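Each of the next two complexes has chain A plus one other chain: chain B in the first, chain C in the second.
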Partner chain A sequence: MPQKKTDDRRLGIKGWALGGRWGFERYMYTVHRITGIGLVVYFLLHILVTSTRAFGGQHVWESLMGTLSSGVFKIGEFLVFAGFAIHGLNGIRLILIELGFATGKAIEPEYPYQTSVDKQRPIAIVAAAAAAVIILFGGYNIFLAH
Partner chain B sequence: MADTRKIPFTILRFNPETDTKHRFDTFIVDVLPGMTVLEGLHQIKARHDATLAWRYSCRMGVCGSCGMLINGRATLACNTQILDVSPIAIAIAPLPNFPIIKDLVPDLDSMFQKHREIKPWIIRENSIEQNTAKGEFYQSPEQLVEYLQFSYCIKCGCCMAACPTMATDAQYLGPQPLAQAYRYEADSRDQGFNARKPVLDRDSGLFSCHYGSECSVVCPKGVDPAKAIQLMKRRMLLDLFHLYRKKNAELCPDQGKPSAQDGS
Partner chain C sequence: MRQSTGWTLHLITGLALLILLGTHMIIMHLDDVIGVGNINPDKKPVDWENVTARGKQITMMFFYIIFLGCALYHACFGSRTILLETDFGANNKQLITAIVVILGFGLFIFGTAAAIKFVDISQAGMMVMGG
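Our next item is the complex of A and B:
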């Protein structure tokens, strides 16, 4: 008998972007995960920063705030804002899908097959477009407006 | 022949008896319009390399044996025409997310094991009524459509190979078994919700699907596993709030009901 299982081809993290048709929903899946991880990291940093006020006093807090309002942190602020917009709006889409509101009912499949992916596509497009508009507004507010 | 094109097939090769790593071999295939990837593989075996291994049986998209990765997409070799994929070059690898037995033959054991775990059969609370039924369980055409689509699964594994969650989580049940869980749950004759719940509700179970929806795009039978999974989630969430009710099929009255000695 030949020995099996010497070349396990699990795609690993590559599989989030590769391994298929590079479809819109797959990108949303990947972006949703990345923004989710980003927001958790931000949240931890946020707690760390705000706790300096309690532990370091007003002086430390104010100098820290001064540093954080400089250019490079503005980019960070923008990225957090963009991540929040994408994760939030795509999250609403996913909730609708997972509650079975956006995928349609079971049908008799006829070739060429119509799938739930086509059914929920308008919601995916609306979620992505709304996120883009909010990100543009946020970018204007963070970088250009005072 | 005038219509023949010469198209290179680059194929992943791996022999567990002799190789420690896979390699790629390229063969030139004479392609005629309408020729399938499976026919191309037969030509390579006949003309170039008799040791090339892949799995097939029905040649008509029924048996689910010939799932492979063709130009980056998991699909059936017998159901895919070469010129529909590319008139220039074809690259073939075994389905990812499964170990290789040899060349293009994936080891689908893990999928079958998970499929077994979700109890893919009709479960009745009253096993005597089920095993020695004295009649038929009435089912309307509408009730049939509720699960028919999902019953077309041929266990080819294409959805498992395309799923991004499968790529990073070896324990994840995956689209094929999860869709089959809903296939039975949606069947009005089935009463197995509570029996399947612990399997579906575990870590790396139903709720590890985040609707990448690749499974539904690649499925060659229109099973739409992503839809089945979301509809199953809906039922599980309703159950969490004690709102889930299912109208079960009854034994057809004119065929007689099980008698008291049957334990009903």
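Our next item is the complex of A and C:
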């Protein structure tokens, strides 16, 4: 009788909050997922909204943009911009690690032990700092400059 | 398609989006800080004059279509990865994949049609505005 493959340690989506040891990179993993979902939801709506300029014309477009320029949508615009900055910069970090540029060479385990986190952590901090700077520019442009 | 091929394409579209979405964000959301890509700098990037000025260019149409394709692939593959982590997704992998593929292709066709149609609208609008 074939046995169903199961793993009692599998946490599924709960692993975002409950799994593993919590370090800086772990927070970035969860933030990357959350910003990704947020960007997907916005993107699907964005396709529908921007298509109105082709299928609805000038009047519909200007009416829609008038509605979307009000206060609550400004906050939404800022959140999307912030999500893009975080997801994009963290994405660069993830690609660097995936391709082996940010993990360092394999070495013998000699005391004092070194981990790849020693190489990855500075990149994670630079990515977070760069995202913060871009978010500040975006916030200035969206809320203060007009 | 093999999972490894799908993942590689996810990385490639992610890199492409850094450029494409980065350009989009600079034009649309950093217009006062950087201020590039708008024909009428005194107006907002979403004002009809600027939207049609960009939309009438064939290069922009191709930009939008490539941008749309990369963004949809990256979004669909990423969403699928997350959905497969859920208990429901782990037990219904083919269903999740089918929904994501159909949604992705459907939106790509819809968005591409809008981008192509808008070139005609923009060029006609510019001719009227120009007399």
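We take it that the second predicted complex is superposed on the first by the 133 of 146 C-alpha atoms of A that agree within 3 Å, B and C clash if a C-alpha of one lies under 4 Å from a C-alpha of the other, contacts with A are read in each partner's own complex, and residues count from 1 in each chain.
In this text, a residue touches a chain if its C-beta (ideal position, glycine included) is under 8 Å from a C-beta of that chain, and two chains touch if they have at least 3 such contacts.
These figures come from a predicted structure and were not determined experimentally.
A.B. asks: Touch test for A:Gly104: chain B only (first), chain C only (second), both, or neither?
C.D. replies: First partner only.
A.B. asks: Between chain B (first) and chain C (second), which does A:Gly15 come into contact with in this model arrangement: first, second, both, or neither?
C.D. replies: Both chain B and chain C are touched by A:Gly15.
A.B. asks: Quick check on the superposed pair: does A:Ser116 touch chain B, chain C, both, or neither? Answer first, second, both or neither.
C.D. replies: Only chain B is touched by A:Ser116; chain C is not.
A.B. asks: Could you tell me if A:Tyr29 is touching chain B, chain C, both of them or neither one (first, second, both, neither)?
C.D. replies: So A:Tyr29 only meets chain B here.
A.B. asks: Going by the contact rule set out at the top, does A:Val40 touch chain B (first), chain C (second), both, or neither?
C.D. replies: second
A.B. asks: Find the residues of chain A that appear in the contact set with chain B and again in the contact set with chain C.
C.D. replies: In chain A, positions 12-13, 15, 33, 98 sit in both the chain B and chain C interfaces.
A.B. asks: Could you pull out which chain A residues touch chain B in their complex?
C.D. replies: 2-16, 18-21, 23, 25-26, 29-30, 32-33, 94, 97-100, 103-111, 113, 115-117, 119-120
A.B. asks: So in the complex, which bits of chain B are touching chain A?
C.D. replies: Counting only chain B, the residues touching chain A are 14-17, 19-22, 72-74, 93-102, 106-107, 145-150, 152, 161-164, 166-168, 170, 186, 210-214, 216-219, 221-224, 226-228, 230-231, 233-234, 237.
A.B. asks: Using the touch definition from the top, list the residues of chain A that touch chain C in their complex.
C.D. replies: For chain A paired with chain C, touching residues are 12-13, 15, 33, 36-37, 39-40, 43-44, 47, 50-51, 53-55, 57-58, 61-62, 65, 69, 77, 81, 84, 88, 91-92, 95, 98, 137-138, 140-142, 145-146.
A.B. asks: Where on chain C does chain A make contact in their complex?
C.D. replies: 11, 14-15, 17-18, 21-22, 25, 29-33, 44, 46-48, 51, 55, 68, 71, 75, 78-79, 82, 85-87, 90, 107, 110-111, 113-115, 117-118, 121, 125
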